[in-house]
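Following this message is one structure expressed as C-alpha cells.
Chain nomenclature is as follows: A, B, C and D, assigned in order of appearance, with residue numbering initiated at 1 for each chain independently.
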Amino acid sequence: MANTISIILLILLGLSLVYVLVRTLKGNPIGRRIVFLYVAIAAAIPLFMDLEVPLPITTDVRNLYDALEKLPDGSKVMAAFDYDPPSAPELQPMAVAFMKYAFKRDFKIIIMGLWPQGPIQANMAIDEAMQDPEIAAKNLQYGVDYVNLGFQSGNEFVIQSMGTAFKTMFPKDYRTTPYDSIPLMRNIVNFSNIDFVMNFSSGEPGTIQWVQIAVDRFGSVLGAGNTAVQAPQVYPYLRAGQMVGLLGGMSGAAEFEKITAEKGKASTFILSQMIAHAIVIILILIGNVAYFSEKRKKK
Amino acid sequence: MKNSLADRSSGGIICAALITIFFFSGPLHSQEDLVSLSVKKIAPPSSLLATDHKYDNGNSISLSWVPSIDDALMNNPIVAYKLYRSSNDTEPNLIAELPPGSSYFLDNGVSTDNSYSYSVSASTNAYEVLSNRTESITPQSEWINYNKKYLFLMVMIISGAIMYFIVSAKRGKELFVRKIAGLEAIDEAVGRATEMGRPIMYIPGIQDMDDVQTIASLTILGRITRTIAEYDSKIFMPVARSLVMTAARETIKASYQAASRPDSYSDDMVNYITDEQFGYVAHVNGLMVREKPATVFLLGAFFAESLILAETGNSIGAIQIAGTARPAQLPFFIAACDFTLIGEELFAASAYLSGEPMQLGSLKGQDVGKAIAMFFVLLGVLAATVSAAWDIELFNNLLDNLNELFS
Amino acid sequence: MSLILARKEKRSSMDIGMFFAALLTLGIFSFLYKDNPVYKVCEAIFVGVSAGFWAITYFFDNIHKKFWLGVFPQEGDSPDYWLWGGAILGFLMLLRISNKIGWIARWPLSFIVGATAGLYMMLYFVSNALNQVADTMMPIVAYASDNSVLWLDTFGNFIVVLGVVTGLIYFFFSKEHKGLFGTGAQVGTWFLMITFGASFGYTVMSRMSLLIGRLDFLFGDWLGLF
Amino acid sequence: MRRNIPLAVTFVVGMLLIVSVFLPPIETIGEDFGVFFSIIAVFAFFLGGGNLIKVHFGKIMKKSNDWEFSLVTVVGFFAMLIIGLFKIGAPGDISTSVTAEGSYFQEMFVYLINPLQSTMYALLAFFVASASYRAFRAKNREATILLVAAFIILLGRTPLGMMLTGWIPESFSIFQVPNLAVWIMNSPNLAGQRAIMIGISLGVVAMSLRLILGIERTYLGGDDKG
C-alpha cells in the first residue's frame, strides 16, 4: 500500500519536472525554494518504500570483502572509529554491517577512536549488531570477544605511539578497566599482533593517517569505510596498494551490506539517495537545455 | 614461565615439560607420540643483533635476527616471534610479537639513560624456544640526522631559489606577474560596497592560527582592509576562534593606521562567535541575510560549510571572492562565487596585492620550484619507463638515484 | 552489559530530549524558507551552548590535563617546566585588554605565526611536494604479468603525468600564458576542471545522505513512522 | 622595539622549527609547540568568550533589535559553563570525565548540539541542488568539462549508471559509467589533485619564508607607533 502511494507520488513528481522544464525554457526558472522542496520530497518518499535496488558490487568493495574472507575465523581485528554523528548516515550502516559480519566470523574486535565521538558510535553499532539472533546466541563477552579502548587525543601521534605499544596510549579502556586486566588484550602489544585494521573515517585524522603510519611504518593490513567526500582523497593510497579495499559513501555501504548479506539501513537509504540524485541530475539537465535554447534564440 | 625463558638451556626444560604433559595426559599416547613430539621441536632463531639505530635521539634500537630454520612456507609450526627486552639487567619483558618470517624490529621504547639486552623466541602453539641473549647496549643520541641529507638539499634549493629572486627584485630587477582575476576584482568589489552603502563581510575560514591557510588569509586581510580604510567602507568579520579574533584585530588596526585613518577603526569589526563549526555557520548565515553585505570574502581553510556560506551569500546578491587550499571545497566556491583563488593562489595573493618587488620576487622563486618539480617528474617518468621496458643500466641507476633523492 | 543497555533504556525514556532534538531540527530547516524567529532561537541556542561546550572542553583538555597535570604531576612523574612557557605566552596575550601595553600581545602572536610557518613549511614540503613528485615518477607503459602491454593503464598513466605537468604550468605566475606555454596552461585548467567536477559529483552523494539521515531521525526515530 | 621583537621572535621560532627536522635531539619540538599552542588558545578564549558576553550583554542592556535572542545565547553559554565546571549529573566523584555517560554536559551535547550540527550539515543537500540547477551550465569549454566530469561521477556512483550503460559489452567495459567514474577518479582527477597539492606546498614554502624573513608583516602593523 505504502509502496503504491509512494510510486504514484514519485510519478507525479516526475511529471511536475516536465512543467519545470517548460517554465525554464520560457526563461522563467524556478526559485531556490522550489528546488529545495523537490529535494526534500525526493529524499523522503523512498524511505517509506520497500524496494530492492539492483546493485552491482564495485571492485573496491569486493577487494575489501575478499581480504576479510581470507582472514581465519577468530582473527584479531582493530576497528578504528574516526567520525562523529553528522557523518553517521553514511558510516554507521557500514559499521553495523561490519560488526555483524565480524561477530559472525568470531573475529576478536578491538575498538578505538581518534575522534571523541567515535567510540560512542562504535557502541551504537555493537548494540545494533547484538540484536541479530545469530550473534545474540553467541553470548559474546565484553573484554573477551570485543573491547572498546575509547578515545585518545593526539591525532596521528596516537597511531605512532601505538606502534610501540597500545598500552602507552590506552592505559585503560573506556570503562576504565586497566589494559592488563582485559583478557583480550593480554597477548596484544602492538600492530604486529593485529591481523586487520578497519577504519571508518570522515576526515582527518582518519584513513590517511592510518595509511601513513599504521600501514607504511608498521605494516598493518588496512581496509576503510569513508564518506563519499573523503573517498577521492584516499584513492591514491588505494591505487598504490596501501589499502586492501574501500567502502565509499552510501553506495559503498549498501554494496557491503549486500555482499555480506547483512541487510541494513544503507539498503533502504540507497533508494532515497538514487532518487535525490536523479533530481539533481535532471535539474542540471533542465538548466542546460534552457541555456542552449536561449542561446539559439539569441542567434 | 619467565624463569624457563631466562634459562639459556630452555630446550631441556621444554622437553621435560612435554614428557610431563605426556604422562599426565593419560594412557592414550604411545611411545611413538613422544618421539614424534620431541623430534618436532623447532630450532631457535639465531644471530640476534642489537644495534643503535643511527641518527636519532637515542630512542630506538634496531634488532635483526636469522629466522628459525623451521620457519617454512608450508605447514609452518611457528606462529610468532616474541621479543624480550631486559633493561639494566632486570627481568626481561615481552615487547613485541611478530608474525612468522619476520627478521627485523625497531624498538622505539628505549632511552639513553639505560642499557638493554634482548632475546627473541620462536613460538609454536605449544611452546617457545629462545635465542641467545645479546650483549648490553646503550642507545646513542646523534646531533644531525644524515638520513635527511637529500631533504635538506631539496629545501636549500627551493628556499635558495625563492631568496635569490627576492634579493634580485630588491636590486631593482623588473618582474612580470600574470593577472589573477580574483585579486584584480578586489578594488571593484570594495568600491561597489562603498557605492551601495552596504558593509563588507570577511570570513577567514574556520581553522585556528595554527593552520597556514588562516595565516595566509590574515595577510590578505591586511591588504584588503587597507583599501577598505581608504574607501572608508564598513567591514565586519565574524570568526570561529578567539586567537584569530585577536590577530585579525591587530591586522585591521594596523591597516587603518597605515591608511592614516586610525580613528575609523573599532574592535567591534571583529567578533568571536563560537568554536563550533556549524554553530558558527548558523550565525554567519543569519548575519548574511540580516546585514546584507554587498561583498563577501571567503578566504582561508573551509570544510563542509563552504557551500552553505557561498550559497547564502549568493542568495543575497553579494559579490563573492573566495579561496582555499582544500581541493574538495574548491568546486563549491567555483559554482557559487564570482571569483575563486585556487590553492597556491591563496598563498600568493598577499604578495601579489602588495605589489612590492621583494614579495613579487618570491612568486618568481615559487615558479622555479614548479619548474624543478616538473623536471623531476619528467626525468623520473623517463627513467622508470625505459628501465621497465629495456632494463638499461644507465636508466636503472638514474631511477635508483631519483628514488633515493625523494625517499 | 551494561552501560550500553542502560543507555538504551534511558534513551527511549528520554522522549523530552528527542522532542527538543526534533524541534531544533525543524527550526534549522525553516531557514530554507526564510529567516524567522524560530531559526533565530535555534541559532542563539546553538551559539551560546556550543561556545560554552568548547570553553569547558578546552579547559579540561588543555588547561587541566595538559598544563596543570604537566607542571604539578601526580607523584612519581617529574614536572614539565617547559609548559610554563605556554602559560606565560598565554598571559601576555591577555594584556591585549590594556590600551597601554596591549601591543605586548603581539609577542605570542608572532611566536605562533613563526612556529606555524616553520612547521608547515617542512610538513607541506615533504608530504605535498616531495611525495607527490615521487609518486608521479612511474613507468608510463604498464605491463601485465605475461609481459603484454596494458593499454588502458598505460593511457591512464600518461594522463596522470600530462595532468600533473600541465596543471603546474597553469599555476606559473611569472610567465604569460601565451604560445606553447599558454596551450599547456589551457590543458592544465581542463585537468583542474575535471578534478573539481569529480569532487563535486562525489560530494553530492554524501550531502544527500546527510539529509536522508535527518529525515530518518524525524520520521523514524521521532515519529516512528517506519 | 614594538615591531622588532615580534619580528625577531617569528624569525627565531620559525628557523628553529625548520632545522628541528634535521636535528634528532630537538625533533619533537613541533609537538611541544602543539601543546604550547593549545595553552595559549585557552588564554585567548578569555578574550573571545569575554567578547561574546560583552556583545550580547550590550544588546540586552540597550534593548536593541533582537535582544531577546542575545538573552538566549547568554543563558545557554552560562548554563553550559556551570553544568560543565561542576560536572552536574556526572556519575561518581569529581575526578570523572565531564563527558562521562549520563552527565548533563553529555546530554546537552547529544540532544541539543548534535541535532543542530547534523541539521546545519544536512542543509548542504538543498544547497548542492540549488547550486547545480543555477550554476552548472555549459557556458564555455571549461564549464563543460567540469559538468561532464561531475555528471559521469554522479551517474557512476549510484546504481543508475549501471542501469543506463550495463548493456555495453565486456570488452568495452571501460565505457560503462561506473568504470569510467573510477577511471576519472584514478587518472585525470588524481593528476589535478597532485598539481594542486604541489602548487600549494610551494606556495606555503614561499609564504613561510616571507613571514620568517619578515618581508610579510601585515599581521604586525604598518609602523612603530602601534
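The rule is simple: contacts are C-beta pairs under 8 Å (C-beta built on N, C-alpha and C of every residue); 3 or more make two chains touch, one makes a residue touch a chain.
Here the structure is a predicted model, which means the values were calculated and not measured.
Trainee: Please indicate the chain closest to the centre of the assembly, with centres calculated from CA atoms only.
Mentor: C
Trainee: By CA centroid distance, what chain is farthest from chain C?
Mentor: In terms of C-alpha centroids, the chain at the greatest distance from chain C is A.
Trainee: For chain A and chain B, let me know how many angstrom lie between their CA-based centres, rounded off.
Mentor: Each chain reduced to its C-alpha mean, chain A and chain B end up 24 Å apart.
Trainee: Averaging over Cα atoms per chain, report the distance between chain A and chain C in Å.
Mentor: For chain A versus chain C, the centre distance works out to 18 Å.
Trainee: Rounded to the nearest whole Å, what is the centre-to-centre distance of chain C and chain D, using the mean of the C-alpha atoms as each centre?
Mentor: One centre to the other, that is 4 Å.
Trainee: Taking each chain's centre as the mean position of its Cα atoms, how many Å separate chain B from chain D?
Mentor: 16
Trainee: Could you check chain D for residues that touch two or more other chains and list them?
Mentor: Those would be 18, 21, 37, 40-41, 44-47, 49, 52, 99, 113-114, 116-118, 120-121, 123-126, 128, 130, 132, 134, 136, 146-147, 150-151, 154, 157-158, 185-186, 189-190, 192-193, 196-200, 202, 204-205, 207-209, 211, 219-221, 226.
Trainee: For chain C, jot down the residues that touch at least 2 other chains.
Mentor: 3, 7, 28, 31-32, 40, 42-43, 46-47, 49-51, 53-54, 58, 61, 93, 96, 106, 109, 112-113, 115, 117, 120, 122, 124-125, 129, 133, 135-136, 161, 164, 168, 171, 192, 195-200, 202-205, 208, 210-211, 213
Trainee: Among the residues of chain B, pick out those that touch two or more other chains and give their numbers.
Mentor: 151, 155, 158, 209-210, 212, 215, 243, 246-247, 250, 273-274, 276, 278-279, 282, 304, 327-328, 330-332, 334-335, 342-345, 348, 363, 366, 369-370, 373
Trainee: Is the chain-to-chain touch network here best called a line, a ring, a star, complete, or other?
Mentor: complete
Trainee: Spell out the residues on chain A that touch chain C in their complex, using ranges where they run on.
Mentor: It comes out as residues 33, 36, 39-40, 43-44, 47-48, 86-90, 123, 126-127, 142, 153, 175, 227-229, 231-232, 236, 240, 248-251, 265, 269, 272-273, 276-277, 280.
Trainee: In the complex, go through chain D and note every residue touching chain C.
Mentor: Going through chain D, the ones touching chain C are 2, 5-7, 9-18, 21, 30, 32-33, 35-47, 49, 52, 66, 69-70, 72-81, 84-85, 97-99, 101-102, 105, 107-116, 118-126, 128, 132, 141-143, 145-154, 156-158, 174, 181, 183-202, 204-205, 207-209, 211-212, 219-221, 226.
Trainee: Which residues of chain B touch chain D in their complex?
Mentor: 55-58, 141-145, 148, 151-152, 155, 158-159, 162-163, 166, 208-210, 212, 215-216, 218-219, 221-223, 241-243, 245-247, 250-251, 253-255, 257-258, 268, 271-274, 276-279, 281-282, 304, 307-308, 310-311, 314, 325, 327, 330-332, 334-336, 342-348, 350-351, 356, 358-359, 362-363, 365-366, 369-370, 373
Trainee: If we count contacts the way the header does, which residues on chain C are in touch with chain A in the complex?
Mentor: 1-4, 7-8, 32-33, 61, 135, 198-199, 202-206, 208-213, 215-216, 219-220, 225-226
Trainee: Touching chain D in the complex: which residues of chain A?
Mentor: 29-30, 32, 35-36, 38-40, 43, 53-56, 58-59, 85-86, 88, 116, 157, 228, 232-233, 235-236, 239, 248-249, 251, 270, 273-274, 276-281, 283-284, 286-288, 291-292
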